[in-house]
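Same chain, two partners: chain A is paired with chain B first, then with chain C.
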Partner chain A sequence: MDFSSAKQFDLHRRMVRIRLFEEAAGRLAESNKLPGFLHLYVGEEAVASGVCGALNDDDHITSTHRGHGHLVAKGGDFNRMMAELMGKSTGYCKGKGGSMHISDTSLGMLGANGIVGAGSPIAVGAAFANKYRGKGQVAVAFFGDGSTNIGAFHEAANMACALHLPIVFACENNEYGEFTPRDKTMAITDVVDRAAGYGMPGVIVDGMDVIAVHEAAVEAVERARQGGGPSMIEAKTYRFYNHHGVQNLGLKYRSDEEVAIWKQRDPIFTFEDRMIENGVATRANFDDIWAELRADIETAIQFAEDSPYPTPDQIMVNVYTSMTGAN
Partner chain B sequence: MSDDRKLTYAQAFNEAVSQMMEADPDVFCAGEDIGAFGGVFGTFAGLQAKFGEKRVVDTPISEQAIVGLGVGASVTGLRPIVDLMFMDFICVAFDQIVNQAAKLKYMFGGDATLPMTITTAGGGGLSAAAQHSQSLEALLCHIPGLKVVMPSNPYDMKGLMISCIKENNPTVMIKHKRLLGMSAPVPTEAYGIPLGKGNIIRPGKDVTIVAYARMANEAIIAAKELAEEGIDCEIIDPRTLQPLDTDLIVDSAKKTNRVVVAQEAVRFGGLGAEIASQIQELAFDYLDAPVSRIGAPFSPVPFSPALESHYIPDAKSIVKGVRDVMARR
Partner chain C sequence: MSIVGIIVNPNAGKDIRRLVTPATHTSDGTKVGIVRRAIVAAFESGATKVLLMPDRHRLSEKAAEGIAGNIVLVDEPLSGTRFDTIAAARRFWKEQVGAVIALGGDGTSRDVAIGWPDAPLIAISTGTNNVYPSAIDGTSAGAAAAFVATGVVSMSDVGRRSKRVVVRVEDGDKSIDDLALVDLAFINSMFTGARAVRDPNTVKAVIAAVATPASTGLSSIAGRIHPVGRWDACGVFVRLGEGGRKVRVPLAPGSFITMEIAEVRPLELGEEITMTGKTILAFDGERDLPVSADGVVTARVEASGPLLIDVEKTLVIAAQSQMFDEQARHVTNKDLYTSPEEN
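Presenting the complex of A and B:
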């Protein structure tokens, strides 16, 4: 597939937005300005961007504990995201969810998730509702390699196929679940091998190549939209930072060489080189984009820092939906 | 080594596991990231290096199968320790815990023995939000067939963990995340603390505070402050929640005539409700005030420190609870 230069700039922009958001979050966490756990998406930007670039605003996604990238790629607002990470009342979840539960249902982003594997069944539900309504919306379940070892994933995959739902299973295979390498927890190398067992097609793509991811996503999303049922994409990718936070804690579980090799394949920089090589963009274009988005991040940090914390009376608000329509 | 050697709560857990693995070749551990990495809380540190990959097993992210592994291995003769990283993840494994581990013996008419220990980490205070901060012990204590312990300090941790491993029934050892770094003297030899036996942490005559896990430590802080006001608190740490040392609690209630029960969990339907109910059934005529319960509000655990710090009960909540109970004529 050939993608227009506008599309290429769109995919690039999504990736840079993720990178800048995540690096800012990492810096804030290092200076103890962010409470709680922080699972950064740096290195994996091509996956969320390539997939979400194939979705409409009213399509749905479910996410994981490593969820900021998915929300950014779906159009998430920096200000509200940064405020949420700081636990402020102006955040996406009013400070109640934080990094691990960041969500925006109006963008079809049905939440990061603290429970590994829990997102996939929810995507099945969204896909069911989409088919039920018959308006051509699809759902995408983002999930890690490690999450395919949990029952929920398998039940979701099977049900999606049995009910022939408009869904795409998008695997981010970064070769680790926390601090344990994939080969210690699975006897297969390719997660996509699991797809056949449920009766859906699957493809492996280079998760560091946003065009490759996007191409596969366009095909899978169109299949789902046209009534062709579920399919799976396995993107081979890598997280550049630690499982959570920025630095390696304690024991080394990945070698410096391994990290360095993957970093050479940085999804953003390699794509920029390619766009320049193909005459689609100039270095100056990219400088402008980074500068513009950096300014957005600075604004977001300022917004979050200036925002108030929620007040204790908010603890009991939003436990239930009221029957009078008030929130 | 001297008797006042100190260990952290996490190290005390580790030493208990290590000594039991040395003593009994049938003891093994399985869980996520517990091998080379030593567990995300460091509680399994060094055990794989010491006992090998056969006995300290890194599992896939498969909570249901992890507990199932414990059920199947214990019923066929081993003595498993299976770890669920965060207590919140018991929900993922609940069928194996509630319908299998807890009930096989009974359903088989006694023809099954399950000497397995499920270890996990509960509690809030780390801004870990609603799926990584819960105190779900009441769910477990409601299930006949399970034993549940929640130690409040390193000494109890080691003794209770050893008893859990030696126990011939499924036990759940709930570590409190915020106590992992707590340091105190712990004897080097292997010792057990009987399951179902509570502990009088502080004797007193005016009011009884029943508190476990982190709240027992908050009760100690509260008692110091209350002592300055002339209120002499007796603190009881049940240590084991199932079976519960009802006698110890009721005897104390009969002596002080006033009781405050403190838990970190959501107040509604918690252990505090059970304890209060037992006291009024068995010591009604001795009570000078209704038994008071301290616990969290009826909401999920909020993320923002600005909310969580108000959400989780602490020494201040206990002080207030005691003052209210003392004010009753």
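Presenting the complex of A and C:
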């Protein structure tokens, strides 16, 4: 498995890009510069980065309501993302979708999704198409633990296994479905216990460790690419901010102590420490990377702020597709 | 008071090896069933109290639901990590538990041994490729544990001291004492990552307390050329590298690879091996502790592990003592289970 210094820096860069984008989006939302809901991915960066770091550009992913991280990890463009969050015409959806609907088919990103659980069946469709095309492409469905209590997930898992499709189910188990602890909605603790019921292997990895996630993702993706069929990775992770936005909105559904314990395991900072210990990087290297990517974020914010809103005559444009086949 | 303690590791049997090999997935439901059978059998066989380790998955609580015996979930803070097992084992020692049942893999038994070095132990395998624990049903384990805890069967007749690899790491200002029950491996890797050792090219050396050709995993490397049994008064050291025998090894279940062994030699009990240089130490098959280039690792095999209880022998002695006769029963099924209304 490739854990060259270049690969380590690649995984690190993906995580830092996500962190900086999300922190900036959070600040903008708090200052009322972003319309609509905002579900931040901060804390879960290792999952999207570890998985997408195992994918090719033409592999597909489907995402969730907490979807910025997935697109960033797949190579999403900061300018178009930030413009979309601000509702500007230069955004990914020309300002009509907002946070929960961004897609970029050129990157194989088939869309964030405001409907919990709705991404998995779309990934199954992509996986079916990929199998039909026979070019070795793989689809990954990102989803949360809460979505596995929804019928769409079960239909997707069943069909993927019945048709032996090249798909990886990547579960981000952050212990809460919105504001509800997992144990209030599920009689089991590990989502992978459900995988066996459909006939696919499921494994648990530390979702705060990008190397652990990447190791599993490489194996699962390769398995799917070689015709081995579906599998599930359950990454135990945690969101550092609220279900949506930054503030807790007065809803004390998890203790400060719990949040603090998880923050001690910050996936980026712990990885940086390990890279330094291994002699792969220096603190100065990381300072440069953070500075470079901060500048990219500032550019994106400026780009978005300078961009126009869509005009009223565009209201029905690009709403319905005229396409007859997938890209 | 005749106390049986039960530990169940919720994390065992679900790691990355299921993606790359046909390793068994052990669900929470399977573990709950084993614990439940052990609790029932322990009371059936004379235990007056069962202590359970709490865990984040609440497996022990679920297993105990509806059973009316004297069952206590020990009051320990939960971390969701291996330290829950270590803390529970230590607590069991303080509570004078007569026999411990531990469900998990080699690593779970290792954690029990850290918390209670002399634990009278029945280790049940719910992990991936376990050497130390065995495939024992909870029904038999619970009964055997109770017969030992009550003194009906003496530990001197059925308990046997297992071996362990005693490890000391001196690394800068860190001085760490640790142990393995099966093997200590030196891994050429930068990260602990997904924990399980899967890449044969990263294995530099293995010190094994037990190494049999019937096992799977790191210890099977030595086991295929210099077998060392569970009760043999020795260990074995292997160094991987060019110039030696090439051996087909099941490094994971159902997965064979060729490994080239540069050196193999038996180790007397207490004989120290010293290794230097940057590495990651894998304890009982899991990458766990990074050691820097300046670090020094010393390790030796000792006969100072937990006291393993021979379940079959225990039950044979109990049978010979007529402990399964109706008049010897300590409880009835009616006593054991509460009705749903009573819950």
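Note that in this section the second predicted complex is superposed on the first by the 318 of 327 C-alpha atoms of A that agree within 3 Å, B and C clash if a C-alpha of one lies under 4 Å from a C-alpha of the other, contacts with A are read in each partner's own complex, and residues count from 1 in each chain.
Please note the rule applied: a residue touches a chain if its C-beta (ideal position, glycine included) is under 8 Å from a C-beta of that chain, and two chains touch if they have at least 3 such contacts.
Keep in mind that this is a model prediction, so the values were computed, not measured.
Based on the superposed arrangement, let me know which partner A:G146 touches: chain B (first), chain C (second), both, or neither?
first
Using the superposition described at the top, determine whether chain B or chain C touches more residues of chain A.
After superposing on chain A, more of chain A is contacted by B.
Which partner chains sit in contact with A:G199 here, chain B, chain C, both or neither? Use first/second/both/neither.
The answer is neither, since A:G199 touches no partner chain.
With the two structures laid over each other on chain A, which partner does A:F179 touch: chain B (first), chain C (second), both, or neither?
A:F179 sits against chain B, while chain C stays out of touch.
Quick check for you: in the superposed arrangement, does A:A216 touch first (chain B), second (chain C), both or neither?
second
Could you please specify the touching residues of chain A with respect to chain C in the complex?
Touching chain C from chain A are residues 1, 3, 183, 188-190, 192-193, 195-196, 201-206, 209, 211-212, 214-216, 219-220, 223, 231, 233, 274, 277-278, 280.
For a test of understanding, state which residues of chain C touch chain A in their complex under the given definition.
Contact set of chain C toward chain A: 10-11, 14-20, 25, 27-29, 56-58, 189-195, 199, 290, 292.
Going by the contact rule set out above, which residues of chain B touch chain A in the complex?
It is residues 32-33, 35-38, 40, 42, 58-65, 88-89, 91-92, 126-132, 297-300, 302-307, 310-311 of chain B that touch chain A.
Write out the stretch or stretches of chain A touching chain B in their complex.
For this pair, the touching residues of chain A are 35-37, 87-88, 93, 95-98, 100-101, 113-117, 146-147, 149-152, 177-180, 184-186, 250-251, 253, 309-312, 314-316, 319.
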